[in-house]
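In the two complexes below, chain A is the common chain; its partner is chain B in one and chain C in the other.
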Partner chain A sequence: MTVELDMVTDSAPARSVDPRRGRRSERNGGRRAARREPYLLMFPALLVMAALFLFPAVYNTVLAFQELTPYQSPGDATWAGGDNFVALFTNPATGSAAFNTAFWLTGVTVVVRLVFGLALAVVLQSAILERWRVRGLARTLVLVPWMVPPVVAVAAWRWMLDGNTGVINQTLVSLGLLDQGVPFLAQTSTVWFAVDAIIVWRELPFVVIVLMAGLQSIPKEQYEAAQLDSAGRWQQFLNVTLPNLRPVITVVILMTVIATFNNFVYVWLATGGGPGTYTQVLATQLYSTAFIGNDLGGGAAIGIVMTAVMAVFAVVYLRASNTVGKDER
Partner chain B sequence: MKKSVIATAVAVGIVVSLGGCSASSGGSEGGTVELVFRQFDPANQVEGLQTAIDTWNADNPDIQVTLETLSPDNPQQFAREANSGSGPDIQQMGYANVALLANPNILLPLDDLMASDPLDQAYDDFLATDMTTIDDTTWGIPWTADTMALVYNPAVLDEYGIDETPSTWEDLADAAQTISDDSDGVVQGFCFAASSAPTSAQWFPINYYLWDHGWNLVEQDGDEWTTGVSSSDLASTIDYFSEMFSSGASSTSNIAIADYADPQIAGALSDGSCAMSYEPPQSFRAIESASDAELMTAPMPGGLTDGSTHLGGRALGINRNTEHPEEAWEVVKYLTSATTFETYQQYPASKATLTDIDVPESEVGYTEQLPHSVAFGKYIGSDMPLATIQQLVVQQFSAVYSGQSDSQTAAEAILAGIESGIGG
Partner chain C sequence: MTAQTVDALPGAPRTRAASTGRMRKRRDAGTRRPSDLLLLVPLFIVLALIVFPVFWMIFTSLRPERALTGALEWGTVFDGLGFDSYRRLFAGSNFGLYIVNSLVVALVSTAITVVIASVAAYALSRFRFRFRGPVLLAVVATQLLPFVVLITPIYLVFSQLGLLNSYVGLTVVYVAMTLPLAIYLMMGYFNTIPHGLDEAARIDGCSTVSVIFRVIMPIAWPGIVTVTVTSFIASWEEFLFAGVLMTDETKKTVQVGLSGFFGEYATDWGVVMAASVVAAVPTIVLFTTIQKRLVAGMAAGSVKE
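Showing the complex of A and B:
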């Protein structure tokens, strides 16, 4: 900061006849400039953030209290007061969409991803893969689903899950495990399992990568100490691996919850919210309200509610990541 | 000095970026008017249209047209652009969307242009003008016409002893059941997209069935809008389609399919594992050209009765922001003329042009049915958008197919939803 002050002082032109007063004035001006400088430097970034994040958030909030169709310009909007929120909370479909979002879309897939992700990360980190010299190949293969665009992934899974010609059904029938194909995406008893399978397949690599990074940071000395205490592999996992991974697991859970809760693509492309309204989630309800029902205000109200729920998770996430940071320090 | 240079660069960048927002609209360069015509059909269905545009450009060096494809149809995108002062000069619109875009901030009313420079044929000689004229203002010119015809694999019908295509809905159910039973469920008698997606193609046969029985989901009675079908009649309609699945005449896998041209349906028609379905002309041609088997069309059940099937198609509108409305109108006139349809393989909405074109024998179902088809105009005008009615209906039908609801409950839910929607 001293250097910055000197630089500013050196470059400032002398304006006063009294040399002492002039030096004081220059010093004060330099301090003011120095105080302003961080704000000036931050200004472009703040401007971009305001334009990209603050303005849409504020506008969406305003929109939630307005009546406007996608065919009107914003100036044509009329005030609706709290009608959009009343309509949302009195709509019987909202409850089931909220349950589907929280349980089937988010809860189940996050838990399954965590369990499978942890298992895969441990396997990929194991010495045996290193010994067989296939660790690199295995890690690359695990990443493949993540490289597939979600739209392509869902389209491929829809084909594979088709009740008549899908490869999964044909295989099960040819193995004698089924008498006839099961239309996984068309019946209520199977549709959520099928959708969740698609989500887990596509999103699992992220969990694996993060957990593998966590595994690599565990000091080997801890495993060696556990072995000296005659701990078996399972005990090592429970008493060394899991406690060390706990902060990482917390962050993974929160990140995947936030990313999944708002997800629209998987359900919409796989089922369109059906059969009937069986797989309708808040994100698809938002889209239907805003762009099928031509009710941008109603859609914005759903978005506000979803944002409020996610804000809770975001706060928890920020606190958890701070805790992880402190632990690492 | 450095600061002022950076500030100037940023300002120039912003101005250039904002300038790009209106770049898609046509302009004028060196006396040549450049127009953008946006259409939404898949690129493989508009080769003939591109040829027609190329012909126009060769014959009219002063008015050059660029064909822009934005597929699938997205009227909201066009509305956003038009509301912000940009967008293409000429826009293709689905008939059902003209009412949504009929706004002086989006489309240019065409009455003055039509009066000063008339079309080659009278406006009233076009089909579906009730969809393009709203409150006595003309917002678009009907351009192409289509409908859903019954598509069938004649070899499969022969194999199972079906001599004639079904002319009633009851005949269709019987024939489909026979085929399914006699093939031990290997062949679907009638396959159709039955998902609950908002654009689900089951919307068409549901309405055909209703209309053929004299019912409507929505009816206008003077200034009032009401429902035009009782809950018991609507429940019987739901039962009709639901029994297609419960009887095995249609595979339950179809409950997950939204598009009439889905590969599962197209492939099943071609390989003979589905005997009958329905398609619009463009999809039929695509399936037919990819199929080794012979495929034919026939009118839908009740399709030769006036008002029992829908008249779909595209209209042409002019963006209110265009700087060259007269030139855009010249292009619209050309596109609706017989010359365009010499290369563009669509059914023209002009009745005179429609009677002049040669149609392959396999498409006889369309030519027989089209004169009896009516547009969805009777559903348009209430406070409930057509797309919202469609979503409500297909969701409830699909809920019954999948066992979430019974037909009576679903019918009452549909009627309650419509009654609350049409009243505003």
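Showing the complex of A and C:
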């Protein structure tokens, strides 16, 4: 998305369609054809996107006001008015899922990723790594979690976190730190820390990579000027690095918030929303309501709420990216 | 942002940071100090912890079944390594079939995405037309749309069209899922190609479509490779839609099949880790072969999980 930011707003070096440049034989008919040409070229893409994004989004809004099970055909749906929303907002589980989504799933993991990511990015940029010729190696190792699919990440961590034979418990027990294994993902006191560990582990590389790109774009002269003022490392970080990184950090926060808020796979595969419904988030509640509770209308209503929250973030995001790559036109 | 953009465009000249970096390496190569280790040792301990889960996954998949159920004996941890878990995986499940399903859907959807996206990206790169702004905005907006919200309506529509448990259905979903990012990346690559080439080809009598496929695409091949790999990985890794739309045992994808293995009560972790390794091999291989180019593309694509 960072790549895109510039492109949305920049004045790409394309030229306007000039029908006079068309082939001479088409002088009259060619004018209209040339004007239609970009639309023809984009037609397949727009068709797919309209069918798989626009139509479902509209249909989801209709569905939110209907009552329907997965085993009925859409024609059998009955109108429910605002019942689905009333049921959603009076359900005590909704408040807890909303809190879990905002705090445990998104808030905590984004902050932790940002802090660790910034630390790692700064260290990886250090001249020391270049001196020892290990920057490439270090960069590749940081990327490793990103190379495995999310489902695999959850599988690997569930095995490591296993209450009896998992390597984490076995190590803690053999070091005498624990008397017996802890079922990290099955008890309420530890489950969110375990889930967040999985998310942070898998999604950290992205933050590091984007922040490293941001660090590379800071002019060296600014650090030299700070050194002339005999600023220490920490002061250089506070007064040169952070202010320069601010736009990048803003974009990283928005991108990770948007991606994590909607995420389904980590919580669903790590805990299934359990123990009980303790780790239920909006995305898993949507899925459970629609496909396990057989209430497609109720699921659609949750989708409307999620879309509304995302729309706010999307507007903030587009504004922020606009100020980052300011339009020159 | 500038560095990011330049990274993403392989045709563009190297950034200043990259070239001065190379010079500094030559100059400082001899001046390694012992105090450097105060940074390097903690760093590589952290990196070892970051890599450990993947190492442990591969290692577990090679250990004998009986070693995984009892206490972990560090003294004999390397005893009896072999491929028995992989044998149990392929003998005891339809995992081979899942691989075929995943490959078919990911490969076909990737091919379609690349073709559709490059044509659309050419239009956005070379033409200024009335709805260019709105189209670009729509492309970004689809990236921001909560994907999970689409699952209910798409499930219903597909059930009506007979597209559940069908390669066609899931392929179409993956084309849509990978298209917005592909269009954007491709537009960036096309913007770096001089317009004079198009015009020369046009004077030679090429139509727009043959300009795209005969002139532009061969020049933009590094970008095409990036888009291809990014799209393939996204489709290969996808879980939610595959899980909802492909429930038939013979139509499951690798990720969905794998998730079924560790949902069971008596989990055979050797088999789960073997399946995990197999599920991760394509992404790890693709990632490492074109890492540098991919990083920019994946950084861009990560908005959508």
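The criterion applied here is as follows: the second predicted complex is superposed on the first by the 277 of 329 C-alpha atoms of A that agree within 3 Å, B and C clash if a C-alpha of one lies under 4 Å from a C-alpha of the other, contacts with A are read in each partner's own complex, and residues count from 1 in each chain.
Criterion: contacts are C-beta pairs under 8 Å (C-beta built on N, C-alpha and C of every residue); 3 or more make two chains touch, one makes a residue touch a chain.
Owing to the predicted nature of the structure, the values given are computational and were not obtained by experimental measurement.
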**OP:** Determine, under the contact definition given at the top, whether A:Phe291 touches first (chain B), second (chain C), both, or neither.
**Re:** both
Original post:
Where does A:Ile258 make contact in the superposed view: on chain B (first), on chain C (second), on both, or on neither?
Top reply: second
**OP:** Using the touch definition from the top, say if A:Ser73 reaches chain B (first), chain C (second), both or neither.
**Re:** both
**OP:** Check the residue A:Thr188 against both partner chains and state whether it touches chain B (first), chain C (second), both, or neither.
**Re:** first
Subject >> chain A residues touched by each partner, larger count belonging to chain B or chain C >> reply: C
Original post:
Should A:Val200 be classified as contacting the first partner (chain B), the second (chain C), both, or neither?
Top reply: neither
Original post:
After lining up the shared chain so the two structures overlap, which partner does A:Leu318 touch, if you call chain B first and chain C second: first, second, both or neither?
Top reply: second
Original post:
Is A:Val167 in contact with chain B, with chain C, with both, or with neither (first, second, both, neither)?
Top reply: second
Original post:
Between chain B (first) and chain C (second), which does A:Pro275 come into contact with in this model arrangement: first, second, both, or neither?
Top reply: first
**OP:** Scan A:Arg158 for contacts with chain B and chain C and give back first, second, both or neither.
**Re:** both
**OP:** Could you give the residue numbers on chain A that contact chain B in one complex and chain C in the other?
**Re:** 70, 73, 158-159, 162, 165, 272, 291
Original post:
Which positions of chain A touch chain C when the two form their complex?
Top reply: 1-8, 12-17, 21, 23, 35, 37-39, 41-42, 44-46, 48-49, 51-53, 55-57, 59-60, 63, 68, 70, 73-74, 120, 123, 126-134, 138, 140-160, 162, 165, 167, 170-171, 174, 201, 203-204, 206, 209-210, 213-214, 216-217, 220, 247-248, 255, 258-265, 269, 272, 283, 286-287, 290-291, 296, 299-300, 303-304, 306-307, 310, 313-314, 317-318, 324-325
Subject >> Touch list for chain C against partner chain A, complex >> reply: 1-5, 7-8, 15, 17-18, 20-21, 24-25, 28-29, 31-32, 36, 39-40, 43-44, 46-47, 50-51, 53-54, 56-57, 60, 68-72, 74, 116-117, 119-120, 122-129, 131-132, 135-157, 159-160, 172-173, 175-177, 179-180, 183-185, 187-188, 191, 195, 199, 202, 205, 208, 236-237, 239-240, 244, 255, 258-259, 261-263, 269, 272-273, 275-276, 279-280, 283-284, 287-288, 291, 295-305
Original post:
Within the complex, which stretch of chain A touches chain B?
Top reply: 70-73, 158-159, 162-165, 180-181, 183, 185-188, 271-278, 288, 291-294
Subject >> chain B to chain A touching residues, read off their complex >> reply: 75-76, 79-80, 83-84, 100-101, 103, 105-106, 185, 195-198, 200, 251-256, 258, 263-264, 267-268, 273, 385, 387-388, 391, 395-396, 398-405
